[in-house]
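Chains here go by letter, A, B, C and D, matching the order in which they are written, and residues are numbered from 1 within each.
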Amino acid sequence: MIRVTLWYEYAQEIGELRREMVPGISDGDFQHFEEFVRSRVEKIHRVYPLGLMGTLEEALRKDPELEITPVNIYMPEYGLPDDLLENTDVLVWWSHILQDAIPDELAYKIVQRVQKGMGFVPLHSAHKSKPFMYLLGTSGCLQWREDDFCRVWTATPSHPIAAGIPQYFELEEEEMYGEPFDIPKPDDTIFMSWYRGGELFRSGCTWTRGYGRIFYFQPGHETSPNYHNPYVQKIIDQGIHWAAPTVWRPDFDCPNSLTKPEEK
Amino acid sequence: MIRVTLWYEYAQEIGELRREMVPGISDGDFQHFEEFVRSRVEKIHRVYPLGLMGTLEEALRKDPELEITPVNIYMPEYGLPDDLLENTDVLVWWSHILQDAIPDELAYKIVQRVQKGMGFVPLHSAHKSKPFMYLLGTSGCLQWREDDFCRVWTATPSHPIAAGIPQYFELEEEEMYGEPFDIPKPDDTIFMSWYRGGELFRSGCTWTRGYGRIFYFQPGHETSPNYHNPYVQKIIDQGIHWAAPTVWRPDFDCPNSLTKPEEK
Amino acid sequence: MIRVTLWYEYAQEIGELRREMVPGISDGDFQHFEEFVRSRVEKIHRVYPLGLMGTLEEALRKDPELEITPVNIYMPEYGLPDDLLENTDVLVWWSHILQDAIPDELAYKIVQRVQKGMGFVPLHSAHKSKPFMYLLGTSGCLQWREDDFCRVWTATPSHPIAAGIPQYFELEEEEMYGEPFDIPKPDDTIFMSWYRGGELFRSGCTWTRGYGRIFYFQPGHETSPNYHNPYVQKIIDQGIHWAAPTVWRPDFDCPNSLTKPEEK
Amino acid sequence: MIRVTLWYEYAQEIGELRREMVPGISDGDFQHFEEFVRSRVEKIHRVYPLGLMGTLEEALRKDPELEITPVNIYMPEYGLPDDLLENTDVLVWWSHILQDAIPDELAYKIVQRVQKGMGFVPLHSAHKSKPFMYLLGTSGCLQWREDDFCRVWTATPSHPIAAGIPQYFELEEEEMYGEPFDIPKPDDTIFMSWYRGGELFRSGCTWTRGYGRIFYFQPGHETSPNYHNPYVQKIIDQGIHWAAPTVWRPDFDCPNSLTKPEEK
């Protein structure tokens, strides 16, 4: 069994904000932000009657090898208390407008858990989340535009994450993310996306950090119905399997090797 | 000075074939092949009054740091006798319908010259040339279609080959080359191309092999006018500078290190 | 079941050479070569009563998931006829003094089989074999010296090939292979070797070429008893599992995508 | 001119600590720490009459293309105020016992400056510095032991940082740093170190992060005289040249590309 934690920002889905989640904002700006968040609720519910993460959860539950725990930022300790993190094999992460709400301290716990072996599957707008940026060491910058037609190409068909995925599949509507994408050279560039408006993007990439494996996958705009798409579901499921740890790093010691191997 | 050899296949431009350049072909097939080759001449000349490689040569001659020698497959020893190869710093290579005419022996001389330090800049259809495949160890396979609109995106703007190139530029007509592209993981993916027909491609990539640097760049279909494009010219010029050798490997010995460093 | 072919040069073990295996040699040189080959037989048999490859074969046969076919260069078609190659999932390869006996034609069949998905596990002196050099595109050059103490360090403990291997293990006697090692940047550098004489070496490295996975592992000098070592056996066994294909490339077509995806 | 800032921790050299540089320490522990720091002063001064960084500075000043600013942690704003950082092309960094004194805020300014294009040359114990770990996303863990004989091998002789460096050179005494070294796959592994006690280490490695280039180099233990070594000096000088920025990223925007390129 792979213990999967689905971490979700959730704010746009319930149309609620907590003041402390938006540090340093003025009263007026906070009010506008709340209005924006409330304005999206209806559209998201229409696209995702079960919710964005609820839809992905339902799909992943069909895989009997996954033991799934859905959490969100409104839960105590931002949904990720130590004992849950320490019992997570693969962390799937969707965040967007509240990326800054996550304290650095929590972001670093996630970083260290990945370095110890936990798989990490950041989705969509998580390219600007703290765990993504702190693990990769780059800004994650890109260009974007809402609602374009997207064709996802399989660039590395031999990778286990691409098993059973055709040469390409189409998403009628997805947020456009375009190059240049500020990421370190990927270990593998598995998927690349073509947008009808004229851009392209490395949309499915892997890296390793310490003992942990990372798979970023672009689809998942909150008002586009792509977590209903069976290929998207299959790719995320296969990404979780690929990222699942095989061996854990016991600690982060830098041991003083007092006795020389040559003198043992 | 960088000693640049521009190697060109040339057959479609002059509309001539030599029988020995197409080994193992039947008389009937050779006749059809000749007709095809002759049928392109007029179009190529209309697009390139100076010739495809002549146009590129003219552009590169403006760079006073390059010392250029244009050669083609109709010259003795396929245009690349040993003394020229051994005096080449960067080999620019355009080949297509006569890729198999190059003997393995010559292809391996090129491979070894790259391993010793020579830069190699294969263009366009050279993705299936013997030097390209033998250096990279992959098939270079891709999908293709003639004459599509192409938008070239700069994915790694900090790379010296991309200096002064905008976020993207457009080619009204280029042959479409599409993923999956069977190449080893590039050291850098500098350019990526978007085609209006719906495909995309890693169109500007680098690798190192031994002491030598390799830069592949996709534009250059023989009937599309893209070697007139100043960005394409600039990219190839900068690719030559980047690939120019800084140090040469003296030999390919595997020396028997008879005396242990610990006993010297 | 993984169908494993163990390909072995075998000449030094039986003390016999066939003239056609050493192309272009003079009569006198051939005689000296034969004497050298005969002179090793006794030492190899003392170290490996079952033979070098026989010892490795015996160890690998304990793994019920492997179906093993041992072959050698004295068999018809150099031990690797088409129907065997086409039914091989992972090719383990040990060659040395007869590297040049393999025709380019056979070497390219192996290269293409790897590009289609076959795993390839070149051992020890196979760093100068044609399949190794043609797949990697580099010379494989290194420095060497017979019979030194070797300590193998695990540099990437999280890699599946390193599962269960300690931080280091020791080989009382192995041929020294030293840097610089002329290879392309490895996907992973799993093992590194320290030699008492003063050198070091990247001794366990992986690459991918097309759909195929490659794992090179250094230990295996013919007169050193290291294929009796349980860690060496375990690493090669795990290398075979890691390199086993999960998906095969059907062909090497470059298809003309006549219909644009945008017009389908 | 390359504007180089040499950042130095300095504490062990002057034998002084400031309480606020060691957050969260008890009075007793602080006293012991101070004693340790004072105990090293004499040895460092014996080895480095000009100081550790003073010796490196003197060597680098011979390069007329470098404009050098030496700073240390005792200066205002930890020696690295914003206006200096924003006028630094390459930051050379030596830190050890006070790695935690650097506030996260400053570490992130450095990270962002690198992502914008600044070169970063962390030396020796800076493998556990915040800028190193935050840029690479790994723990930097390794094993160590004081005072061993070290032989530095050139693994990638064609890299500009290795120009003019022999196949190996020797350091009579250096701190041993041993594998496994927890770093992401390097872009290039230029140097590797052999220690007489039995360990080895990837001691000269490069990475890119955003527009910035990073070169880590291991030698530089505070009580070993290796910044007097002309090869070590030359390598650090060449590392600075290699890491010098060629183009700067203007900002970290994720622009909303409102107009589709296809509609311009």
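Keep this in mind: contacts are C-beta pairs under 8 Å (C-beta built on N, C-alpha and C of every residue); 3 or more make two chains touch, one makes a residue touch a chain.
What you see is a predicted model; the values in this text were computed from it and never measured.
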* Labels of chains that are neighbours to chain A and to chain C -> B, D
* Structure fact -> Of A-D and A-B, the pair joined by more C-beta contact pairs is A-D
* Geometric centre distance via CA averages, chain B-chain A, whole Å -> 39
* Structure fact -> Expressed in whole Å, how far the mean CA point of chain A lies from that of chain D is 32
* chain B residues counted as touching two or more neighbouring chains -> 151, 157, 178, 185, 187, 196, 198-199, 208, 210, 261-262
* To do: Pick one for the touching-chains graph, please: line, ring, star, complete, other.
  => complete
* Structure fact -> In their shared complex, chain D is touched by residues of chain C numbered 151, 153-157, 167, 178-181, 185, 187-189, 192-194, 198-200, 202
* Partner chain C, residues of chain A touching it in the complex -> 117, 151, 157-158, 160, 163, 168, 170, 187, 196, 208, 210-212, 246-247, 249, 261-262
* Which bits of chain B are touching chain C when the two form their complex? -> 104, 111-112, 115, 128, 134-139, 141-145, 148, 176, 178, 182, 184-185, 187, 196-199, 207-210, 252-258, 260-263
